[in-house]
Structure formats: C-alpha cells, structure tokens
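What follows is a group of structures, each given as structure tokens.
In what comes next, subunit A is part of two complexes: it sits with subunit B in the first one and with subunit C in the second one.
For the complex of A and B:
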C-alpha cells in the first residue's frame, strides 16, 4: 500500500450555524508525491491542513495517515510523521532562540544530541540563516521567520511535509531556492509534500493539484490538465500560468496559438519556430 | 504628502548583544501623489524603512520629514496623533493589527477615534468591507476567526477607512488569492488616481511594480542600491539577476526571446506590452492569422 494520506468524506464547520469550511472532502495522496492545494481565500485550505495534523476535532469523515486512522488515541503518532508549517510563522515559534526553535521538533523525537546539532546546523545553512542562530524569533524580518520555520521541518525530516503558504513572504529568488531545498530533501528521503499556495509557479512541478472552492474539491489532476481549464481557474479567482496568460493576450490580438499547454520555455520556442526559424 | 529621508540610519536594540543596524544612511524623496514600490531581499530593511513613514520607528541618526513634521531620534511620541491620522499602515502580518472583538468594531475604530460618530463609522465599515471583497456578514464575526487572506482584507479595510494621505502597505497582497490580488491592487490604483494621495508599498510581485508604481526603490543590506522609474530599474535585467532580484514575468520572457534572436527596442514590462510587441513581429512577418 503506498497511500500516504487518505481523506474520506471529511466535513467540518467551525460553528453550528456556519457554512462548513470543509464539505465532503475525499482524496488520496501517494507516498512520495508533491501535491499542491489551491483555492480562494476562505476555501478551506488551512482547515484541511489542520485536520490532517489532528488539530481539528471533526466528527464527519475519516483521515488515514501512513495507514493509521486519525483518532484521539493515534493523534500523537500521526503528528510525529508530519512536519507542518503554519500560515503565520508567529504561530509556529516555540524556542527562545532560532536554533532552539529548529531543534525543538528533534528534541521531541528523542534524536541523539550530536545528530541533533548536526541536523540543526545543516538545516539553518540550507535556508541561509546560520548567522541568525542566536537571535530571538521576534527579531527577525518576515521572510527570515519563514526561513526559520522551513529549517524546522528540514531538520525534522518527517514522512510528510505540509506547507501552508510557507514562502508567501520570500522574495522570488529566495522562494525558488528554498523550494529547491525541499524538493531535494523530498527526493532523497521520499517525503510526501502537501503545499498550499497562491503562487501558480509553485504548482507547475506538482504531481497533482487539488482545487478547493467553498470547502469542496472542484477539480483534481496533473498540472497540465488543470491549467488547460484556464476559464474555470479564473472564474474561481485563481491564476493561470504566465504562458497561458500571454496566450490569451495574443488570441485577443488575433494571433493563433497552439492548443496544448506550453510552459514559458515552450512558448519562446514556439515563437522562435513561427517567426525566426529560416 | 511628500516624505523626505535625510541620511537616515536605524539600529535595533543599540548597546545590547542584539544590536543590529538595519538602515544605513538612507536619503530619498517620496513625492506627493505618487506610488512608490520598495523591493529587495529578505532582511534588506524594507519593513524597517516603512515603519519610519509614520514614526513608528524613529531614526537613530538623520531626519525624516513627513509633510511638514520633522522626525529625529529626539522626537517625543506626544504630538504624533495628527501624523498617525494622516499616515495609515497595513503591516506585514495583519494579525498584529487586528484587535477588536468584531470585524465591524475593528474597521470602525479608526474613523471613530478621529471624530466620526458611531453611526458614520459603522456605515464606513460596511462600505470598506465590500471594497475589499468580503461579504457584509463578516462584520459581526471575530477578526481572529477568519482565514489568513480574510484577515489581510480586514486589515486593509481598517486602514482605508481612515482615508489616510499616505497609505503604507507592507506586502499587502501576500496571502491573498490571485483574484483578490488583482482586485486589491486595482482598488489601490483607482483610489490613488481619484484621491491623489501617496502610496508606499513593499512587494515581491514585480508585475504589481510594473503595473502600478511610478517609482521603485531597490534595497540591499539596509541601503538603497538603485531607484528610478520601473522602466529604468527593470531595463537592466542582468544587473537585477546579479543582485538575485526578479524582473516582471513579461520582461523576463522578452529577455529570453532576445537570447533567441528577437530584437526589442525597449523591453516590455507588462503582458499587454509584450503581446503588442509579439503582434508586431507577426505583422512584420506577414503571418497574422484569421
């Protein structure tokens, strides 16, 4: 069995008379996959992440993580497999210093002291925050906080990493770099990654995209499949890849563009073929 | 309202082991009735710079002139209320500025504090919540029981409700969904054109810089390393790459086309500029379809 996460008919409302934040949500995620979750503000993404981490007391539906059904009894086991980054890094910090904070998860896992030190050092260096190790989390800039939060899960090396808009405050180059670090780690250790994001370019490399709308899954599929429904994405308040946006602009200018999905490189290539190739 | 920085330095926790100089000798002028974008890496000093715009932080050295109020390290907090009415800030983490028990009270607080009646303030709250794309039903809810993007929108509504003369926005679209991003930036742009106030924003979205800013300030390690119009700043793609900064996607795309032999008289900044250029290439080649 290589289902790392299975969610079945999960329904949850924060209060009795509010609309459910999650409404009959079912999906599975295979071990080692990178899955992106997209959806408008308030569509239920963070609620879903918290449900998987056992932080929400849902009554309807079931969740299995690495074969274990999530219950009151199993919640600690389940949580020990998940490295979660919250949307607001301020809700994440527990340590008095940056290095304590990164070490925290490892202390809980009873990692031997020497190994812990080594992993903390490596994680901080991967996110370029080694110089800040003795600082207090509240003395960091927004992006630095997110880097430290990411170092925490990198050091932990969990089976599953859940990123709730974990790079929203990084500059674009920094963002790509840090995602590269996680991608490398995922590949080396076979980690399953769930990434909640509003950045379309963070979804292009995903194995699967899940689209949430008002607490319901409206679409699931490979990036190319999802992107080819650009009308639906725009209607849901979402984005389409840059190359698709450019295609729309070109179509408006009566230029016939290829039907299939091209990334930017593919588009440049197509333009070169159509215009410059002798 | 114009703002002038003269040789401003700022040091956090001076005289402690945590001492850190976050701004180094900053001099610049933010024109009245303009949109200025501040870009730069993590930790380059952008938020520190912004917090000087309403004297939330006071320079360790140098002076900041906000309209005709001069702020130095000596300035006391006493007489700053009129300034705080004129300059509204949306912080990088909106949670940090939400405080009231309901969304309505949160948005109405500013107007009431500066002289509106409770009734007027509540009417303003209704208008503002609609402007930022949330349903009126949110008004009676606690601001702390909202999603991240919804909180951001409430924080923006609260600051807009004060009709500030300077609107300071620290990554205002981080956490907004793409549709919300477009709408909120459009809202800022429209309001600015209509009411002719001053906007200063930090952003990592180079598209927004290209579309909305008159002036760009590039920060690195607490210094301003370049400033000018978006066209001037983004013209030098190689320099920006070297500095590990991005250019707008359309500029980057054109830059890649250039490498393949296409010639641009000036690099496009936006999708529509790029599409126009490409349409021209097709026309020249005589291959326009349909």
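For the complex of A and C:
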C-alpha cells in the first residue's frame, strides 16, 4: 500500500501564541486507511487538519498528499484530492438549496453542466437526501445538513475525506448516519478517511489512532493498543471506550478480564462465556 | 418571525413560476416605468387588466396580494392626503392658507392610489413567484455587461445569494440571543425610546461576534471546497429563455404601446 498522506516535522504556531500548536509532527497514512486523530480541545488536531488542506500557511516541515508536495503552487491540486467536513453544520452550507450546495464544489472545479447534474444526483442518493434536493438549509436538521456537506464532498470524488469534528454537534442518530455512510464509501471506493475527534467512541472504526497532546504525537497504534493504555488517555483528558471502562470497573472488583481489547459486542460475548464457566 | 421578509416565495407550478426570472424582472421594471406615463383612466384600466391577468396566470391566492398591499396602505393614504391638500387646478372646493381641495387634486390622489396599488401588486407577484436565489441569478445574468468595466458581477451575485441564505440563520440567532437576555431579566417591551434602544446593544454585540465567526467558518469551508473567485466557474442553475418568456414580453410590449397610444386621447 502506498502512502496517501505523509507529514514530516510539521511545526506551526499561531502568531498570538508562543507555544506551537503543532510541534514537530511526523506520520504517514496509507491509502485506504481510516485514521483517527484524537486529542482534547487545543491539542492541535484541528490545526493539523487545516494544514493538510493548505488552509494555514506553515513554515516548518513538509506535507505530501498522494505524492504531491503541498506548496503554494500545488495547493489547489491537493485540495481537489481532499474533501473536508467541518464541525458546524450551518456554517459550511454555501448554497441556497441542498442541490445548490452539493454543486458548489463542482462549480468551482468548472465541471460541465450535464456532468454536474449527474454527480449531484448520485451524491445525494448516496447520503439518502434525494428527496430533500430543493429544501433550504433552515428546513433541515443538523444531521441532514452534515449529510448534505458529505454529499458535497462525495460529488467531488476526493481520495481523502477529512472529518474535522464533523459529528460533534450532532445527536447520536445523526452521528451514526454520517459514520455509516462514510464506512460504506470507504469499503466501496477505498477512500482514505482521517477523522479528527475528541469522542473516543468514534475511533472504533479506525485502523490506526494518533493521540495528540499539546501539538505533539504522544501515541500511535491500532485501537486495541491505544485503548489498553487507558491511563494515558485519561491523563490527557480523553475518555476511554465504554467496553474499556467496563473492564476497569470489573478489575477494581477483582474480576479477571481479558488483556486484549474487545468492543461492546465482544465484551458481551466474553461476559456470557465467563458466566457459563462458573 | 423569519417568514416575513424572504419566506414570501410561494412555490407553485404555473406559467409565471416557470418563466425565466430575467424576463420577470425586466417586465416588472417595464410595468413600473410605463405606469408613470399613465394620464387617464383608460390607461389604468388597461394596466389593471394586464396585472390581474398576470396574477391569475400565477395561480397564487389573491389574498396574499391583499396582504402585500395592506402594510403599505398608510404610505399610500399619506401620499393621497398630501396630494389632496396641496394639489391645485380645476375647481376649488375649499381653501385655507396654503391648503386647498381642488378637483384636480382629488383626481391626482385617485390616480396615485391606483398607481401605487398596481405597482405593489406587480412587485408582489415578482417576489411571490420567484425565489430570492432566482432573482439573484437573474441580476447576475443581467449585470453581466458590467464586467466590461471590471465590475465584479460574479462576486456580487455570490455575496447576494450568501446574504440571502444567512438571513433566516441570523434571525434565529437573534431570537436565541433575545431569549438568553430575557432569561437574564431584560425586558424588551418597556421603557422609553432611549431605554429600549439601549437594550438592543446586548443583542447586537453577540450577534456581530457570531456573524463574524460564521463568516470565517464559511470562508474556510468555501476555500476547502476549491472556491477561488468567480471567474472560470461553471453554473449549476442555468437560466433558459423559452417561448413563454417571449409571449409574456409580447403581451407587456403591446401594453406599453397601448399606453402610449391612449395617452394621445
């Protein structure tokens, strides 16, 4: 598998702060992977997302996206490969109606009208919003607006989707819908997904987790490995997944729990089995 | 609250709704200009007939048009009173100082009433049958020649459509802020003018802060989606001039010719 994103020694400080928001960050993401970047507020995770899309102007370090080095000249090429969904559903809705908003990115790419029509139709049916195409943003729920934002990204056929806390303002149903669509897309089209979040429960889909604190990478690994360091996550102000909390509570009550990470279903199976063994 | 200003568009499927917004905009303007040339009742009759036929062709409930005229009734009445009191000529019925009521004054007042009502009806027809975004598209297309003098037509049209898009959001926001201030004990309903104006400040400041935050978020989102200025973009919504637009233009042109013919009476 080739490298889709490569970041090397990226350092960036906002002018008003002396403490860098990103401090010598290096990592690589393979094509088709789902990588979660977690960290508490102010850990630099959103800054990292914006740097990858060329939305902030960093001086130190390098970024390669799909083999292209991110520079002032290549920024639009890089951006056309990345679809970004931001936190606030309202503030990224540019069009007057759902279909206008989905078409906005295509208009920017100067896609011919007939092709635009087809891609908008396809993207809307992908997120199950075809019936809402003529609706105005104020007629939609937050979850529906985020689905429209996702459709706008799908229509542009990017290689990478970055979710910058895209589900943090949604209710659990809206969150599940968005993540469900992305999971399907990733499976079908092999899109690389980078989800930036402080909700640890949202990282269970990831192939790899990068934990960020004060602009530095403190830990990288598969979810199972990261979750088993529950002490570290708690120290950084992050929660641990529900199954991991359950294990900790059980251990405190002197019940021996498995070393490896189980998701909720795995824990249920394990509990049943351990009850049978008694 | 947010239905007053821009939610007035009534989505229906009618001859008028399916017209090109450009032709609707031009013909509305033509109507308003032509009506100022009216100088006798035959002309007003002709123009009223055209207005009512247009309204019928839109299939929109006539009550909505009455609602459109109602709030402006005071302005019409005021203009009429001025015209009656200060108009001169013809037979004088009453005279006191600079005030006088004359036959010509009364006739002019009647003309003004009809003229205003018809103008309001036609412009209401435009806003009820055309969504704001269509109007902004039409303006963009009609202003296109101004690009020759380096007027940023695309940018202005995009600004207009984004402004329209955020009106309901900002109204909701205002409502939320007002409720938050009410919960802290602010009473917006009492006090004299100065006191009431002072109470607006704690609404405006948070509103401005949030509007700027929104603007920044929106700019980032637009840039992330590849927006780099108006030139070189393609359009998703295309305007198409069709037979019905030519037909409507023909009717309105005939009306204009009729008006100038009737002026000679």
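The working rule: the second predicted complex is superposed on the first by the 248 of 278 C-alpha atoms of A that agree within 3 Å, B and C clash if a C-alpha of one lies under 4 Å from a C-alpha of the other, contacts with A are read in each partner's own complex, and residues count from 1 in each chain.
Here is the rule we use: a contact is a pair of C-beta atoms (placed from the backbone, for glycine too) under 8 Å apart; a residue touches a chain by one contact, two chains touch by 3 or more.
What you are looking at is a predicted structure, and each value in this text was computed from that prediction instead of being measured.
Once both complexes are superposed on subunit A, the partners subunit B and subunit C clash.
In the superposed model, A:186 lies in contact with neither subunit B nor subunit C.
In the superposed pair of complexes, A:174 makes contact with subunit B only, with no contact to subunit C. Of the two partner chains, subunit B is the only one that A:42 touches; subunit C does not reach it. Applying the stated contact rule after C-alpha superposition, one finds that A:272 touches subunit B and leaves subunit C untouched. Subunit A has more of its residues touched by B than by the other of subunit B and subunit C. After overlaying the two complexes on the shared chain, residue contacts for A:6 are found with neither subunit B nor subunit C.
Once chain A of one complex is fitted onto chain A of the other, the partner contacts of A:111 are limited to subunit C, with no touch recorded for subunit B.
In the superposed pair of complexes, A:88 makes contact with subunit B and with subunit C alike.
For the superposition on chain A, the stretches of subunit B under consideration are 26-34, 80-88, 116-124 or 242-250; the one running into subunit C is 80-88.
Residues 88, 90, 136 of subunit A lie in contact with subunit B in one complex and with subunit C in the other. Subunit A makes touch with subunit C in their complex at residues 50, 53, 55, 76, 79-80, 82, 84, 86, 88, 90-97, 99-100, 103-113, 116-117, 120, 134, 136-138, 152, 156. The touching residues of subunit B, counted against subunit A in their complex, run 12-13, 18, 20, 39-43, 46-47, 92-93, 95, 145-150, 152-153, 170-171, 174-181, 204, 206, 244-246, 249-250, 253, 256-257, 260-262, 271-272, 274-276, 278-279, 281-282, 285, 287-290. Residue ranges of subunit A in contact with subunit B, taken from their complex: 14, 39-43, 45-46, 87-88, 90, 135-136, 139-144, 147, 165, 168-175, 198, 200, 234, 236-239, 242, 245-246, 249-250, 252-256, 264-265, 267-268, 271-272, 274-276. Interface residues of subunit C facing subunit A in the complex, by the touch rule stated above, are 2, 11, 131-133, 161-162, 164-165, 168-169, 172, 213-214, 217-218, 220-228, 232-238.
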